[in-house]
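The letters A, B, C and D name the chains in turn, as written, and every chain counts its residues from 1.
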Amino acid sequence: MAINIKKVDRNVSMTFLERMYIPYMLHGMWVAIRHAAINMLGFFEEILAGKSKRQVMTLFYPEEYPDIPPAYRGKPTLVRRDDGLEACVACGLCEAACPPLCISIIGGERENGERYPVTYTLDGTRCIYCGFCEEVCPKEAIVMSDRFQGLCEYDREKMIYDKESLLVPREKLQKRLDTIRNKYFSEKRYR
Amino acid sequence: MREEDKERGYDFHKASHTETMTINMGPSHPATHGTVKFFLTLDGETIEDIDVEIGYLHRAFEKECEAQKWNGVFPYTDRLDYTASVLNNVGYAMAAEKLIGIEVPERCKYLRTMISEMARMSGHYTNVGAGALELGALTAFIYFIEARELLWDLIESICGARLTHNYVRIGGLTNDLPDGFRENVKRVFAKNRKLWDDFDIMLTKNRIFLDRMRDTGGISQKDAIAWGFTGPCLRAAGVPYDVRRAQPYLMYDRMNFDIPVGSTGDNFDRYLVRMEEIKQSMSIVEQCLEQMPEGPINVDDARWRMPSKDDSSTKMEPLIFHFKQIIEGQSIPAGEAYQAVEGANGELGFYLVSNGGGKPWKCRVRPPSFALTSALPLLVKGSMLADLIPTFDMINLIGGECDR
Amino acid sequence: MSEEKNSGQGGVSDVMARAKAVLGPMGVLIHTHCQHGDDTLVVQAEDILKVMEFLREDKSLRFDMMMDLTAVDYLGAEEMHPYLKPMKARFEVVYHLYSIEKNHRIRVKVPLTEESPFVDSITGIWVGADWFEREAWDLYGVVFRGHPNLKRILLYEEFEGHPLRKDYGKMKRQPLIGPVN
Amino acid sequence: MDSIVSLITQPLVLELLITLVKIGFILGLTIGFFAPMLAWVERKQSAIMQDRVGANRAGVFGITVIGLLHSLADAIKLIFKEDFIPRGAERGLHTLAPVIAIIPSLVVFAVIPFGGQYTLWGHEVNLVIADLDVGLLYVFAIGSLATYGVVIAGWSSNNNWSLLGGLRASAQMFSYEVTMGLTVIGLVMFYQSLSLVDIVAKQENFWHWGIIWHFPAFVLFLGCAVAENKRVPFDAPEAEAELVAGYFTEYSGMKFVMFWTAEFLEMVSISGMCVALFLGGHHIPFVTQKFLLTAFGDLLGQDIGAVVVMLIGVGVFITKLVILLVLQMTIRWTMPRFRYDQIMKLGWKMILPLSLCWIFLVGVGILTGVMPRP
């Protein structure tokens, strides 16, 4: 395949029209006016035919919610199994893999010998949402939800999440769990 | 001080009792985006002397990497050239793979080529848009920000984040393309091409923009090479050096695209080179999407990739290996390797040294904008204060990449 | 002048052959190897200027661009290169050069001991090395003789010590300095 | 009650009252209506042109009225902002500067006719505050006073950036007053009068409108006026990227509002001048005043008809004003900024010679009879 060199046109000798400021200023203004006209039209169509017809790119944020793609990495959350307990077995892999070292776990055993995290603190002030914890967890216990609202607080203590505030029932995270199943389990990635 | 004054021993300042004014165009000035400080001595409006001071965004990248595992370094590489973070990921991953001596499968190479070009587009949108913004063309800036917004939505649907992509791993990638990606790309690139034309109409032939950008901040070919210029600024000076063409890596030898080259090396050439590169990157992404074969996206050697979860959650040996790999890190054989990648601002080189352990012994980044900014006094001395702004923009100093 | 087995593709590239042919007899080469396809010369600190001058001016090499200059601290990993232990070298200044015409690269390394981390500055040959050398001084403490203004570039002047050295603790704290104006 | 009526009907008091009403109308129109409206237009128009939505958040009980209340919110916010005077600044001059900057742009409206002459209930009413026969000279004289406000602001805020901004502003405003004056001499030769009221009166016939015969002068005048007002593309004195915010870097709160309003008022006064000189003031193309008066006179009776025609005249004047304002706003958003020395070169080496040639051409036109004598 050919990678060839392309000389860039420096437009050294400006045509007479270019040397006169006005013509190309008007051409530039015409572009802006065309955008304005299309957007105004878009507003009227939006009133008649609903949001899809809106030309303007901005979103009315608090009223309208942006559509989040399945791969989105939001707040890390612990999956709560159907019997109400957490899926995490306190193996500490996420604690080891987390670059800014914001996860700290103290593990313990239940009577039936099942390991569980006595305390699981995730420091929200340090978390960089890189998704390593979700990537390394062998039990799919910690998952990046698609929540990005309300993550900042006025004082840092509130941003250090303990186990209870991290737990989210499995149904809510099902979409993300499917993406993980597609990401890390699928043949496409490995065989 | 003009030359003929010097011969006659006539000092303009003493004769007319004026003196130069020193200004701190400090880190928190609108044009320096908070990462660099110019100590200017101004004679009226012309810059007599300029001392560039960087280091305001120094976050000890190398020290952090030496304490981090090989795969844990990726979130740090996102924050180098944060306008085009996947390019750093790809550079670091390829340097590590060169150190190990493995080759990623075809599909992964195509994916990496495509996402690198999308990141390059995002880097150029940010830079050229901010350059127009600082000259006053607000509407043109917003058009490129809109184009970047649409592009970021595309990248977000692949990597999961708009700015810090963290998408590439040693030996492959985190995930494959989401479904419905090709239609999105067609829709977004159609809109981006329209916005590109609008930006072009508003500025490229506008005499005000031409006068501001042309013949300011120019550099000759010889000086550009001597100062270590690479990337759009070197190509603007007329030297057709592009790592993708000189030493093709990934799938660039199978793409056909043009390398825009300027002639005089002033700001207008740099602007035109970057604008042309946006168009070329779009065509490369489309070519990648057509030629991309099906198949795995990770290398088949179990040592250099994350074991698939159905292995590590069912069989014992993969689980043990998974634990060992996460806690101790992948033990890359001892040695050193330098891999250069064409970043948004120039040649982005990664020099990795490994002593066989799980942590990098040294992870050096060759920052393209570091060399460009060191030549800023040469470009700007003697010109007007107002010329410093487009020159500083077109050099595109990214604090994260220059200060590391 | 020891020669390490070439990992990566076999055979000696013409750059390396030419370099060894000329520099070998001058007795400046300590070691050469070609790891993963990167040709590397290891040179004494005293005659770095001669070598660089040759690499730049030679007709068939023409290394007209200095891509990267950095230093590496081998404290505790001296076994990585055979020549480090005999010379009691701790630091290594690494230059990466590139030739635009000939489109080939080379890496030149200069081992330095801890007591005398001095090497001549190559700003005379490539003026772009100015900031790279200031950064190597700033983070590693390698002194470049003949550098126009060897000052700290990334850190503030009152910073004590050179942070990227292996014996500089990761959590080490610096003394607080008041506003300096 | 009748003592008041008799007091009012005395000619002197009546004249005073009419002038007060006219001043009230002009102040209400410019400061009351146009300044906040222009703030809203600047936000909304730029937003629509840039594929954005613009201001739509400030609202009372949820009514946001497509962002109009943002100007109100601005005013309230800026009243409560801290009125900061930097250390080492000349306190007195620092506070005086915005006043000097705003007064000339207000006082210029005194000579701009926003309507014709009408006889209402036997009284001759001339819709201009001061019918000076040297109206044009008055405008340029007052216009040059604004330079002092800007220079004092730049020098007195003890900040390098604002000093640079002030210097740039003084050089630019001074040199563009000269060129602005020259571009208008062609018109003065054409209408043989300096009084704006006469010029507007002579433009009753559409073919004698200034823009028809003096289109180059119109373009040059508009360019110089925009430069005089330091609006993009001539806003080197307040260039955000280069000089942080130019001469009003150290201003906040009400003083900043005064500079801002001075800029908007000057935009309106420029448009007013353009309308009066080139676009035939309150006249509707191809419709003479007499025809209107007779038409509405029979319909609604003599006086009421005159009032209606007066209102139509004022309405036409305002629509032309708005058209020019929108044009200036579009220029504001689409043009990059000149470099400071390019502004000077443009002013002295391009517009000045062009306007001199234009004066020569008009002279030749008049002598050879090509140009009509309105």
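The rule is short, and it goes like this: contacts are C-beta pairs under 8 Å (C-beta built on N, C-alpha and C of every residue); 3 or more make two chains touch, one makes a residue touch a chain.
In this text, all values refer to a predicted model and were calculated from it rather than measured experimentally.
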Identify the chains in contact with subunit A as well as subunit D, in label order. B
Highest C-beta pair count, chain pair: A-B
Which chain has its C-alpha centroid at the greatest distance from the C-alpha centroid of subunit D? C
I'd like to verify one number: the distance from the centre of subunit B to the centre of subunit D, where each centre is the average of its C-alpha atoms, in whole angstrom. 47
Centre distance in Å when subunit C and subunit D are each reduced to the mean of their C-alpha atoms: 67
Could you tell me the distance, in whole angstrom, between the mean C-alpha positions of subunit A and subunit C? 42
Can you compute the centre-to-centre distance for subunit B and subunit C, using the mean CA position of each chain? Integer Å is fine. 25
By residue number and range, which residues of subunit B touch two or more other chains? 139, 146, 202-203, 206, 208
Give me the residue numbers in subunit D that touch at least two other chains, ranges are fine. 49-52, 333-335
Among the residues of subunit A, which are close enough to touch at least two other chains? 25, 28, 31-32, 35, 57
Any two chains that touch count here, so list every such pair. A-B, A-D, B-C, B-D
For subunit D, which residues are in contact with subunit A within the complex? 45, 48-53, 56, 219, 330-331, 333-335
Going by the contact rule at the top, pick out the subunit D residues touching subunit B in the complex. 46, 49-52, 160-161, 164, 232-233, 235-236, 239-242, 244, 333-342
Using the touch definition up top, name the residues of subunit C that touch subunit B in the complex. 7-8, 35-38, 64-68, 70, 72-73, 77, 80, 94, 96, 100, 103, 105, 107, 126-132, 135, 139, 152-156, 163-164, 170
Using the touch definition from the top, list the residues of subunit B that touch subunit A in their complex. 68, 72, 74-76, 139, 146, 149-150, 153, 156-161, 164, 166, 172, 174-176, 178, 198, 201-208, 210, 214, 236, 240, 244-245, 248, 252-264, 268-269, 272-273, 276, 294-298, 306, 308-310, 312-313, 319, 322-323, 326-327
Subunit C touches which residues of subunit B in the complex? 54-55, 58, 60, 62-63, 67, 98-99, 101, 225-230, 239, 241, 246-247, 334-338, 340, 347, 349, 351, 353, 355, 361-362, 364, 366, 370-371, 373-375, 403-404
